[in-house]
Amino acid sequence: MNTMTDAAVIAQQAPQASPGNGRKFGNVILDVKNISLSFGGVKALTDISFDVREHEIRAIIGPNGAGKSSLLNCINGVYQPQQGTITFRGKSFRHMKSRQVAEMGVARTFQNLALFKGMSVLDNIMTGRNLRIKSNLLLQALRIGPAEKEEMRHREFVERIIDFLEIQAFRKTPVGQLPYGLQKRVDLGRALAMEPQVLLLDEPMAGMNVEEKQDMCRFVLDVNDEFGTTVVLIEHDMGVVMDISDRVVVLDYGRKIGDGTPDEVRASPEVIKAYLGTSH
Amino acid sequence: MAFFLETLFGGLMAGMLYALVALGFVLIFKASGVFNFAQGAMVLFAALAMARFSEWIPAWTGIESRWFANLAAFLIAGAIMFVVAWVIERLVLRHLVNQEGATLLMATLGITYFLEGVGQTLFGSSIYKIDIGMPKDPVIVLEGAFQGGILINKEDLYAAIIAAALVALLSVFFQKTGTGRALRAVADDHQAAQSIGISLGRIWVIVWCVAGVVALVAGMIWGSKLGVQFSLATVALRALPVVILGGLTSVPGAIIGGLIIGVGEKLSEVYIGPLVGGGIEIWFAYVLALGFLLVRPQGLFGEKIIDRV
Amino acid sequence: QAKEQFFPLLSYRTGPYAPNGTPWANGKQDYIKLINARDGGINGVKLTFEECETGYATDRGVECYERLKGRPGVTIFDPQATGITFALTEKVATDKIPLITLGYGLSVSQDGTAFKWNFPLMGSYWTGADILVQHIGKKEGGLDKLKGKKIALVYHDSPFGKEPIPLLQERARMHGFDLSLIPVTAPGVEQKAAWLQVRQQRPDYVMLWGWGVMNSTALKEAQATGYPREKMYGVWWAGAEPDVKDVGDGAKGYNALALNTSGTQPKVIQDILKQVHDKGQGTGPKDEVGSVLYTRGLIIQMLSVEAVRRAQERFGKGKVMTGEQVRWGMENLNLDQKRLDALGFAGVLRPISTSCQDHMGSTWARIHTWDGSKWNFSSDWYQADEQILKPMVKAGAEKYLADKKLQRRPASDCES
Amino acid sequence: MLYRENGQFKTSYRADQQIFPIRQDRLFMVLLLVVAFVVVPGLASDYLFRAILIPFLIMSLAALGVNILVGYCGQISLGSGAFMAVGAYGAFNFFVRVPGMPLIPALILGGLCATAFGILFGLPSLRVKGLYLAVATLAAQFFSDWMFLRIKWLTNDSPSGSVGVSGLQVFGLPIESAVSRYWFCLAILVVIALLAKNLVRSAIGREWMAIRDMDVAAAVIGIRPMYAKLSAFAVSSFIVGVAGALWAFVYLGTWEPAAFSVDLSFRLLFMVIIGGLGSIMGAFFGAAFIVVLPIALSQLLPAVAGLFGVSISTATLSHAELMIFGALIVWFLVVEPHGLARLWSTAKQKLRLWPFPH
Amino acid sequence: MQNILINVNGIEVIYNHVILVLKGVSLQVPEGGIVALLGGNGAGKTTTLRAVSNLLRGERGEVTKGSIELRGERIENLSPADLVRRGVVQVMEGRHCFAHLTIEENLLTGGYTRGSKAEVAASLEKVYAYFPRLKTRRGSQAAYTSGGEQQMCAIGRALMANPSMVLLDEPSMGLAPQIVQEVFEIVRDLNQREKVTFLLAEQNTHMALKYADYGYIMESGRIVMDGPAADLASNEDVKEFYLGMGRSGDGLERKSFRDVKSYKRRKRWLA
């Protein structure tokens, strides 16, 4: 996949071991520095900094309204932070168009399903390939030669994702008619179709039962393992977060109140007070 | 200078009338998320009813008083608009809960055709007169200040005052009452509104009825100025830039929008028109509205368009 | 097989132009009914008709035309709209059906050698405009007095409204008056800006080239801006009862061109009242019979019928005529005063005689004025000025032929 | 059991990517084309061609174009009449001003004029959305109405603003008779419909739909709203423009600006919504509905009335026509808000289950 | 024996005239009970709730067979508003806040059916007490609040109607663990103190079974298992598939999400 093309880069940098579970990460791929964002009077984010290393699964947790989704939106170019910089593979930016971010290899899923309701599952996931489509409008209209071949190639790729996510049966179903949980899967599929280097997941497991969460975890872990995709994950299910993430950032009222391995975070009194509560 | 003022004034007055039609649009949109293209047809329908009944009533009752005829005709026309609202809710809206804007828009276009057909069948397609005793001839004021004075139409003035009063009333209704809030909720999400016990049917009958009465007032004033005929329905197209400029959801927006469009189009026609052969006012109105939209995509007073992931 | 001559009637009874289109259409129908009832048809050939609603819209008009043109015994089309006339002009040539556009349509189609199938009988917008200028000139005490005067043309912004412009420009050049053009967007319910302009320019005269709801609106706006109605002159389509009735006193003094009389005195109208309306066969309301546009409808239908009659004289009495034959009849009409009297149209219109070259037949009109309750003639007959019209028609026809890569009809064609 | 896809396994994605992956559909389509090209010309009368079939074909084409913009890309347009007008007058100018200009290039150039015009008035769509955008497109509508009335050059200096063409021919064959006109329109329609279908099932089509359904998310996966919207405006107005040129050249022959009034824009929007937003098939259904229904009504009503021994006047008739037309629109929307095309596919789905529901 | 409040009897639901989703679902909700409806994605939980609250029509679905009774009265033909007036309120899946209204306006609209202003104000205070976060965000338009805030708003809005029966569709979705806990506490609280009946569709099986009295498990449009919540919670299959317990050395314990990835199993109770 795409990350392979950068294999050389990665090879130069000595892999680092994460503390604990023996997983290996590369260098910092995404570095968020001093981000602040406010809407009128509401301070959604205040001076947030954290980094994400290549290959790792980085979780963001925090109470409702802490600013987690907003943080992803900043990385994504949907919101433009008033302050701070975001560095992605050595390139720094604060204001970036969504398209540019996508081109650089960042994909994402949404908390409130943002699927294309009127399109089939297949088409939804195919849109994830659009960045890579080269044939022009005329070729597409005629659908001859290169255009058709290209379409086939992407179709095959997307079919692999469909197989992987086990949604073969719904290929042609309009996504609007799918139950919520499956829509989340399609959302993931669309992001995967972009062959991203960094995958931002906003509560991908909300509205699922344990078994389905297990499936989702498996997808995320597989992607992370097999393609080396870096994952940034927002999730409220502590079981999931603690089990699969390598490092966790904790936000509360727009501020960072914790950052570290799951165990460190779990032990932090501030985090317990603000988010986990004593029952955990 | 005097002429400029006259044009300005003429524009303001025309704008007030547009605003009255626009108001109907806003009411229904705000309260149900339906862009009601039938507003023009409703104006026509109401005006036709009023015109014909004010003609028939003296014949039926033998009472020759114009006041009586007009009042009775107004009440009958109002009642008819209520029936129209009720029928529309029963036969159309009720079945289109939770559908997309485009579908609802089309349905109102269907209603437009229907109303035009019914209106002409029941009331005829000639030109009819509504005579509510508005003064027709112009008065010249400020003859001292300007050479030739400024020509003002009393009829326009009365019309504007009625329009303004209506708007003020409706603004209060929307801003201050619980029903107003429920209406806005319905516009946002039919299903959620239902789920908390708002009866869409009742709300819709109320709003369409109010819009019908607004249409009646608009039709009455317009008809008394220019006569009632089929083409009255086309004022909807004149009012469209007004609604959009003011913001689809804003009652005061309809007024301000009306004034801006009215003045804008009259000034442009009178001052720019002759340079390019004239006939520009209608597209100028649209371009003017478009210009404002480029700055504020939700119109001057419209609610901010929400796009969020 | 029954002998029937079929008259397709394109009309509009809904929409912005319905108030004017309706009496016109009623007149046409009633005349057909009269001929059948009183004369038993044309030399025994029964007249049949079917109406088709165009709504004054071109595409609906074309559909109506296509629908009705194939009927057996189809005679003649009167599309009741300049726009539809444009669209049909070419089609009738292929289908060989004459197109009658009395008082409207293409002014250049007067030239029968270029427009074989068009019949703008009794007047075109050029003749109308010309007559208005003549009348205004006369009022001012001579055409030379027009110098420096200002005339505004408030017109329906469509080919119909724009037709008179070339002629008026020509006249303006000749007499040195100022012509200002004020378009009104169709259908014409919103004219405030137009009348503000009138007020600003304070023209000495206003010519009104309107139709349908535009006319009454114009009068009301004129009243509201205080423009004297006495100085307003409408085309013959802006001078009927629906245009002024509900304006009431506000229209007093307003003038318009007249091609025909109104009122119920003429014999033909008495006949209709007796033979058609009193038998419950009338098409519209009785009190509308004899109104300006109703009468015009009668005239149009009468001319069509006379064309058939004329054709029968040549091609065989009592036969159903083809479009081709009716065209010949139309081209060889000769309705002198005697004939008109016999038809019951005494005083309703001027004699009319057509030829292969001249499809107009008459270029006369007069002015009538609304007194608050009826139209009264206020001038004598004028004839449009040949000197001015001829070259314009000729040039226009040439351009048309060149554009279409067509040839003029040779003289021999006139015989067939 | 007639309509089943069971047992039709696709062994390649290519096979699955066909326009009609189900065999019965393919057969049906072939049959339809045969009927359209061969059978209909043998049976139809001159009237049917000139007054119904030709306008139906041209309106289908226009509706197809509008559907791309409104149905696929979600940009409400009430300016389709203007795009048709620009196409018509554009083609006209090329046709009469360039000596020896053949018909088809003239039509295409007309379409390109409409494209340019469409892109120009599509620019506001980058900022203005939904119903508010209707204003921009209406501005296009009224501007074009005015432009063709007022700018003489555009109408080849015809004093009245009405223009006409004649002597149409393609590759030396005259396009005069009703059948040849029909074939000509049909051929153009089939070709463009095919191209359009290809577009909407390709990457660009998905971009349009993505923008329609959720523009923020579309931007996040790398779709440029500007490109998607403007390309939709461009493609749509091209098709609409060609349809406009055909309407003028083939159907009307001689026309004036009023032939492309705002009414036409509304009718086109109707067709698209009644037919089904975002469905190529829907354009055909919609056009059939809107073109044929009023005509059918105006002919049927007197017949029906005749059955009951009442004769209705033309006026009542045309009012009744309006009423029934409006009522039918509402009725169809109530039955299926997603349009006739959806009704069609629901019917197919039922057929698929037939005779054992569920 | 408790009174049966809602009695769903063998209903079938079809969407769009063709998609058959519920294939004969029957369930009972006793007055004053908390009943949980469990099941995987697409099992038909939401559809069942919509059928009860009569919100199906807006989705172009209809109940084609069977009956639904509220206190013995057939309710299939009532409007959703009628049901609310009878005290049945649904919290819709996916929040559905009124985007343009502020949080407070959303809540107040929830009290639309109630007569007295004072009662509404009291309820408002109660909701704010339940969800303090809402109070801080009261002035902001619902569309601009976070997912969890919207969820709280949706729940709070339903409570404003002072219902006697609440249909909760995935109340815990998108809420932080603490808040989830609180929501369920609220449910219990209302149930015990105000005798509010609950029917809740929930994916968080653990929580649902902990707070409910009785549970139904759905699978592709059918009820495949039901029983008192405690029984369900101790059922082996339920434990494995809904509670994520794996069989390890010494009996059942929660398995790490990291470890389940290697093999695949599917629950199969086939009806």
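Remarks
Note that the chains are named A, B, C, D and E in the order they appear, and that numbering of residues resets to 1 at the start of each chain.
Just so it is clear, contacts are C-beta pairs under 8 Å (C-beta built on N, C-alpha and C of every residue); 3 or more make two chains touch, one makes a residue touch a chain.
All values reported here derive from a predicted model rather than from experimental measurement.
Common neighbours of chain B and chain C, by the contact definition above: D. Core chain by CA centroid proximity to the global CA centroid: D. Centre-to-centre separation of chain A and chain D, using mean CA positions: 42 Å.
Between the Cα centres of chain C and chain D there is a gap of 37 Å. A separation of 46 Å divides the Cα centre of chain D from that of chain E.
Chain contacts: chain E has residues 144 touching two or more partner chains. For chain D, the set of residues touching two or more other chains reads 145, 149, 214, 216-217, 220, 315, 319, 321-322, 337.
Shown for chain A are the residues that touch two or more other chains, namely 78, 110-112, 114. By the touch criterion given at the top, residues 16-18, 20, 60 of chain E touch chain D in their complex. Contacts from chain A toward chain D in the complex involve residues 76-78, 97-99, 101-103, 107-108, 110, 114-119, 123, 126-131, 133, 135, 137, 140-143, 147-148, 151-152, 155-156, 159, 190-191, 194. Against chain A, in their complex, chain D makes its touches with residues 13-14, 17, 195-196, 198-199, 202-204, 206-207, 209-210, 212-214, 216-224, 231, 235, 278.
On the chain B side of its complex with chain D, the touching residues are 35, 91-92, 95-96, 99-103, 105-107, 109-118, 120-121, 125, 237, 240-241, 244, 248, 276-280, 282-283, 286-287, 289-290, 293-294, 297-299, 305, 307-309. Partner chain B is touched in their complex by these residues of chain E: 53, 55, 57-59, 79-81, 83-85, 89-92, 96-101, 105-106, 108-110, 112-113, 141, 143-144, 157-158, 160-161.
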